[in-house]
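Below, subunit A partners subunit B and then partners subunit C, in two separate complexes.
Showing the complex of A and B:
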């Protein structure tokens, strides 16, 4: 058996990390809820497993999502991940075919050149050596980009790169040393035996002309082995833990496990799957407009991993969800942030060096809803029966034009509706949730639920996307919840609402809570297409901006909010629309003062375009005369 | 106190020496816009909670700044954090954060006292 002492550091590192990864996965599996365990078990024998293999190949190795959005950055990640994978794969095959015997220990493949220096002189061997050299060159090109990125992130098309802690830097250095030391070690050995292909061979002969290659080769094989060993040993303490964790995450996600609203094993898996690539920093509007660069999701997850107090990071965020959309790993960043905003049960603290391998984490339970009432003073519920319930929401009461327009539309369509908060109702509860106060929010939710139940309505229409999201997801009611843009769209489709064409250029701004957070993109645009010429911008659907007025962020100042709003408005009105349309009263309120283009809600635009109500009302029986004269001259 | 020959009604007296301004200071340290308030009362006029009971941020922040925390202690938790007051504030005070910080300060104080 071929053996040399220099393989020992590599062997220690490799077996350590393999055992560690398995133990960690078993621990995570143990901590999953019973339902999630069943999901995983079912997924293992079903389609999710095959799907995960495909996703692991496409995302973890090829990095398809990053390649699509930013080629240079994608190439950097791909060359390191996919290149290294191929190098190991081809190395193992090489050792098996050309080595002295079959089924070799892993170190044989990694240090093949040392044990078989004569390999690669002619024929198929030379061709194989060429492939190996090519793969090494592929990785080294990516490594070069990575080194440049550390000093100037613009080169790979990124505005900012993640700041690292000391241990990360040590691991990064050992990772960076792996491939150059392999190159030098192989080159020296090749030169000594006069073998090697285009890279190691030619580099070796250059070195041989002025260096004692025979003596130099051995120390570099040691360096290669030590840097591999160090990297493996430090991996669990650093962001490189994402390499083994991501595989588990992809499988768990494909099996149907989601974050939900409690901190558990799956949240922890996601936390460790973050590679701190910094794409979330690059898309964050707090970074783009106000230059705040220490609160993005990469730092939040890093803080959770290191068991730091992340309350300030968690709270300083617009909760727009742009990072969720762009995260190449697909981590549910905003739900994790929502959890981190709640009161933790245990205090965070610094883990010792050895504790870091099996760290303890802050426990954040789902708050109990019993106990004394905070809003016990709310009056008893009184409401009238109706088919449709209209809930304007707090913000809509501050933009009365939207409220009036909705009343006009509902009247014109002859809808039998009840205005739930005509006199100013109770808040929907979402702002409290965004502030991490789930218990209080649940109280308001219960109060509003009572009103909705008593009214006997089957449809709830709301004008505010913030309310829409919470009505749909956190009110456990047997009722169809519509945002007004969806409701208007259904009225148009049922032919109970007739509109004229306004001949205006309209740009639509998709509100975060309605778009990214609730997935409603199509209906508002459908409605706008009925009444005007919809102009598309570069910020459609998932790429939409946040207006900056978000209730999610309590930390930033008025001036910073205004800066975000004006930057977004400037970009949205680039092709000079007549109207900047939105579907959220808060967006309207935020955009109005910062742009000269008139800002209007969809309801206002539709109300302006209404022509006579349809004579034979199919579903909506109440006959109404229009309160305002309507101009039908056009 | 020197006797000037006339008296001050006790209810009208603000005793800054005896009052506890620590909570107001805590809020100000974390949210500097707290001091921009001109006490116009827009926040109270638009308030969702104020629609039902006499919840007034204008009143509460005056009391906090005077250090008369006893009256604020219970009332501050009546807020629903809906954020209408931020939108109407002519001075750009981050009112939601002011209330959240005040609630946090009162909670911490209660915990330390026990």
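Showing the complex of A and C:
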């Protein structure tokens, strides 16, 4: 058996990281809820497994999503991940075929050149050596980009890159050293034996002309091994933990596990799957408009990993979900942030060295209402029976034009409805949830639930996407919840609402809570197409802006919110629409003061287009059939 | 040769400047973007604190600019101002190129568009009107609801578009408080059985005789002052305006059904003034009004030598202050012209 002491650091590192990864996965699995464990077990023997393998190949190795959005950055990630993967794969095959024996220990593949210096002189061997050189060159080109990115992120098409902690820097250095040291070690050995392909061979000959390559080769093989070993040992303490964790995450997600509002093993897996690539910083409007660059999701997750107090980071966010859409790993960033806004049950303490590898995390339980009620003084309300319940919501009461339009539409369509908060109602609870006050929110939810149940309605229509989201996800009601844009769309489709064409150019701004956070993109646009000419912008659907008026952020000033709003409005009205349409009273309120273009809610536009006296007008009669909204769970 | 001065804006300040400059031997061109001179005063009925008929002020100003050295161009917008050597060239919307030795900017203010505070329902509910609308009603002598009835419960909302970060105006317009008091008295005078409620954040009665008027409103006219901001307004089936407000002195939320709601619109830098600020590179402050070189002794001077400010284009002012500020601008212009010819 071929052996040399220099392979020891590599071996220690490799076996350490393999054992560590297994132990960590077992611990995570143990912490999953019973239902999630079952999901995972089922997923292992079903389609999710194949799907995960495909996803791991496409995303963890090829980095398809990053390639699509930013080629240079994608190339950097792909060359390092996919290149390294191929190098190991081909190295193993090489060692197996051309080595002295079959089924070698891993180090034989990694240090093949050292043990087989004569390899690659001619024929198939030379061709194989060419492939190996080519892969090394591929990785090195990515590494070059990575080094440049550290010093100037703009080169790879990024405006910002993440800041690192000390351990990350040590790990980063060892990662950077791996491939250059391999290149040099192989070049020196190749020069000594006059082998090597286009890269190591030619570089070796150059070195041989002025360097004592025979003596130099050995120390560089040591350096190569030490870099690998250091990298593996430090990996669990750094952001590179994302490499093994991401595999587990992809499998868990494909098995149907979601974050929910519980801080548990899955949240932790997601936290460790973040590679700090910084794409979330680039898409964040707080960065783009107000230059705030220390609160984005990459920093939130890093803070959670390091057991820091992340309250300020968690609270300083518009909760628009743009980063979720753009995260190449697909981490549920905004739901995690929602959890981090709540009060933790235990405080995080300082971790010892061992605990750094197996950190204990804070517990953040889902609060329940118990004991004394904060809103116990709210009066009991009696409702009349109705088929459809209309809940305008606080923000709609502050934008009465929308409320008035909705009443006109409901009346024109002959809907048998009951205006639940006509006299002013109780808040839906979402603003409190956004502020981390789940317990208080639950009280309001219970209060409203009683009223809704009493009414006997089958359908709840709301004008506010903020209410819509919470009604749909956090109320345990046997009732269909619709945003008014969906309801109007169904009224049009059922032909109980006749509209004329307004001959206006309309640009639609998709509200965060309705679009990205609830998955309703199509219906509002369908409605608008009935009444006007819909102009598309570069910010449709998932790419929509946040208006900046978010209830989710109480940290930034009005001036900063206004800056975000006016930047967004400016971009949205670039092709001079007659109306900037939205489907959210808060978006309307935020955009109105910052743009010359009239801003209107869909309901207002539809109300203007209503043809009132229609001769054979059918009245809205039965519960209409609507497609189930897309399920995106929080 | 006589010095030529162009005055941009024919409201109170512009007319006063033009008249006084003409008296001091200047040739004045007065540019007004609307069809008539007089500015906002023309829309007002009575002026506080003495309830003087605004037409008296208009008459005074019109007499002042009836002068052979003053040429008036109405319906004329200013496109830009360019300095060429020693003089200025003003290009107007109708293609004129006017030359002048000095320029006085008196573009005044715009009344805050109350539609922007949608929660108050201006333009949505029938009987929500602005303070300017109420003045028109006074002038036409018919304070009526949309359906022709006489209102009996009337609310006045202070600080609409003033001291409101959400609309981007942090400053106090300072005249709306006294306007509300004046209008409240006027309403009770005309409809003695009417109940008037003023919803205020702070009552700012800083001018001469304002405080006396405030006292009079409470003692003699029974106007109710409620300290609290209106949060939202809705309309019930009888067209009553259900107004939600917190009485912060008793710490109680209130809900009042009113017949009519009057919004005390604040003052904002005129849009036409902002256009001029951009084209002539004149400094503006955080509040968007023109920024004078010194708040204490240079309140008429701009950052461009030879361009001066008069009136409410620099800050909210009442008529008295506007006329004083305009007269002060005249002194600065004459100083500038004298210095130049020496």
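Keep in mind that, in the parts below, the second predicted complex is superposed on the first by the 613 of 634 C-alpha atoms of A that agree within 3 Å, B and C clash if a C-alpha of one lies under 4 Å from a C-alpha of the other, contacts with A are read in each partner's own complex, and residues count from 1 in each chain.
Methods note: a residue touches a chain if its C-beta (ideal position, glycine included) is under 8 Å from a C-beta of that chain, and two chains touch if they have at least 3 such contacts.
These numbers come from a predicted model, not from an experiment.
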item: Fit or clash - subunit C, subunit B, common subunit A; value: clash
item: Touching partner for A:592 - first (subunit B), second (subunit C), both, neither; value: second
item: Partner chain in contact with A:236 - subunit B first, subunit C second, else both or neither; value: neither
item: Comparing the two partners subunit B and subunit C, which touches a greater set of residues in subunit A; value: B
item: Touched partner set for A:524, first subunit B, second subunit C, both or neither; value: neither
item: Touched partner set for A:398, first subunit B, second subunit C, both or neither; value: both
item: Subunit B versus subunit C as contact partner of A:321, first or second or both or neither; value: neither
item: Partner chain(s) touched by A:204 [first = subunit B, second = subunit C, both, neither]; value: neither
item: Contacts of A:558 with subunit B and subunit C, given as first, second, both or neither; value: both
item: First, second, both or neither for A:435, with subunit B first and subunit C second; value: first
item: Stretch of subunit C penetrating subunit B in the combined three-chain arrangement, among 80-88, 116-124 or 224-232; value: 224-232
item: Interface residues of subunit A shared between complexes with subunit B and subunit C; value: 397-398, 423-424, 558-559, 589
item: Sites on subunit A touched by subunit C in the complex; value: 397-401, 403-404, 422-424, 558-559, 562, 588-589, 592-593
item: Touching residues on subunit A, where the partner in the complex is subunit B; value: 374-375, 377-379, 394-395, 397-398, 423-427, 431-432, 435, 437, 440, 444, 549, 551, 554-555, 557-559, 586, 589
item: Complex contacts: residues of subunit B adjacent to subunit A; value: 33, 46, 48-49, 51-53, 77-78, 80-84, 87-88, 92-94, 96-97, 100
item: Of all residues in subunit C, those that touch subunit A in their complex; value: 116, 118-119, 121, 123-125, 165-168, 231-235, 242, 244, 255
